[in-house]
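Each chain gets a letter, A, B, C and D, in the order it is written, and its residues are counted from 1.
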Amino acid sequence: MNPQFPVHTEAEVMFYDTDCAGVVSNIAYLRFYEVARTRLTDALGLTVTEMTASGLFPTVARTEIDYRKPARLGDRLRVRAWVERLEKVRMHCRFDMHRIGDDEALLSECRQVVVLVQLPAGRPRRIPPEWVALVADDGSLA
Amino acid sequence: MNPQFPVHTEAEVMFYDTDCAGVVSNIAYLRFYEVARTRLTDALGLTVTEMTASGLFPTVARTEIDYRKPARLGDRLRVRAWVERLEKVRMHCRFDMHRIGDDEALLSECRQVVVLVQLPAGRPRRIPPEWVALVADDGSLA
Amino acid sequence: MNPQFPVHTEAEVMFYDTDCAGVVSNIAYLRFYEVARTRLTDALGLTVTEMTASGLFPTVARTEIDYRKPARLGDRLRVRAWVERLEKVRMHCRFDMHRIGDDEALLSECRQVVVLVQLPAGRPRRIPPEWVALVADDGSLA
Amino acid sequence: MNPQFPVHTEAEVMFYDTDCAGVVSNIAYLRFYEVARTRLTDALGLTVTEMTASGLFPTVARTEIDYRKPARLGDRLRVRAWVERLEKVRMHCRFDMHRIGDDEALLSECRQVVVLVQLPAGRPRRIPPEWVALVADDGSLA
């Protein structure tokens, strides 16, 4: 795998990430993973500036998340993101999230299938050949 | 005031509206008020279908919210919205939120200044004369 | 299956559900499904009032979502939720979302694994035997 | 004013911060300001770890926001937060937000009234005398 993968992002759990069960809402994890996915497409050469200019947007076609342990207010989180596999029009992304600190506990794992969609028509576009070159065949981290 | 004002919407507090202090997050109130504002512009004749077709979008220029009493998971809420005053390019909206049930407690009050913005240029547009007719001069509910 | 399943909820796409790609954000679907999940646990006899009183909260352990077609501002959505299978401590829920209207298009499908967790200790609790009775063996809708 | 004020935080606009009008949703600004408010209470010596341990939580009683210019996907934002004035039980906070970069445009300004609430009773608590010492009498930045 290209040495720039996986990309790492960090976050800290805010009030708005939690719910009245006292832990991070299952919904908030998707925000943490979206930040990491944005850094992943950056690393592949598709910045949000280019998305806006070209109308070519990465679109999530499928998400799987496992919630392993609860995260809490003030926890510092490390999210890793990488490309598991590229197909003609589908990018298979992987993510995991650990708590930063003494236990470095694995909090969650995620997979997403992303398709590049050309707006305004909404047509899927082929994964760029440069991405295939950037992501080595043996790109799996697991 | 036109008898269709104020508009009324109802909502129920969900987990995602709360935070780990056990009550509704200050941020979630803006979602409840946005639903009411959408019904208010509907009542004035600007539906979201037309917004999308014409590129003319109501844009919030200023918000004031007072949080009077906490709302909690499962509370049923009644939100009222009305137009307080129309200026050349600014619509002054008012909102309040009560708990439905025994106490009918006043939970929150809100004012928003809304401007109609024409996309993609982003220019403010005059408030339509039909709106002025719909909203009587003595339109204040308070 | 008990005739009260699947439960049905309806929603309308608001501005805050969309993102700058012009369609509903992948994250917002989890809010629509959470409303349906709350109605599902209601139908099983666990209301949010009881959750708050007892400290017994349904917790999402895993989510899978397929995004089939984009939903847009103003779309009216019908979400159905049902229990696919009950294990000792895990409830397997299924959801789907259709656009209300001419096309009745299937927009999304979802599966969630839910565990009942007793706060503050955070221990998983057995699925209540009454739930097993409510959910027939042949409970699968698909 | 104590030299540690105003506190500065930075953020980058993500997809989930925007809506289908192509700019940052009015609701998302409250998340950016909540991060800054958390850093502000940190600087005053009340960390989220202590909040969770003691049940003493800062609660927003009133918010005013002016939206000056739209923020867009990918914009980098600098938020400043400071204490304008302390009363017996009310802390008056001020915030502003600038775009990082060539124009350094002022995007938004905000005021919030914060009350310290002791859970689970929900009673307001006096502002700690140490805070008064930390925030000079002439603490206004404007």
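Simple rule for what comes next: contacts are C-beta pairs under 8 Å (C-beta built on N, C-alpha and C of every residue); 3 or more make two chains touch, one makes a residue touch a chain.
Being a predicted model, the structure only gives us computed values, none of them experimental.
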item	value
B-D or B-C, whichever has more C-beta pairs in contact	B-D
Most remote chain, CA-based centroid, reference being subunit A	B
Whole-Å gap separating subunit A and subunit B, where each centre is the average of the chain's CA atoms	34
For subunit B paired with subunit D, centre-to-centre distance based on mean C-alpha positions, whole Å	24
Centre distance in Å when subunit B and subunit C are each reduced to the mean of their C-alpha atoms	28
Interface hub residues of subunit D, defined as touching at least two other chains	15-16, 20-22, 27, 30-31, 34, 52, 72-73
Touch list for subunit C against partner subunit A, complex	20-22, 26-27, 30-31, 34, 52, 57, 59-67, 70, 117, 119-120, 122
For the subunit D and subunit A complex, residues of the former touching the latter	14-16, 30-31, 34-35, 38, 47-49, 51-52, 72-74
Subunit C - residues contacting subunit D, complex	15-16, 18-23, 25, 27, 72-73
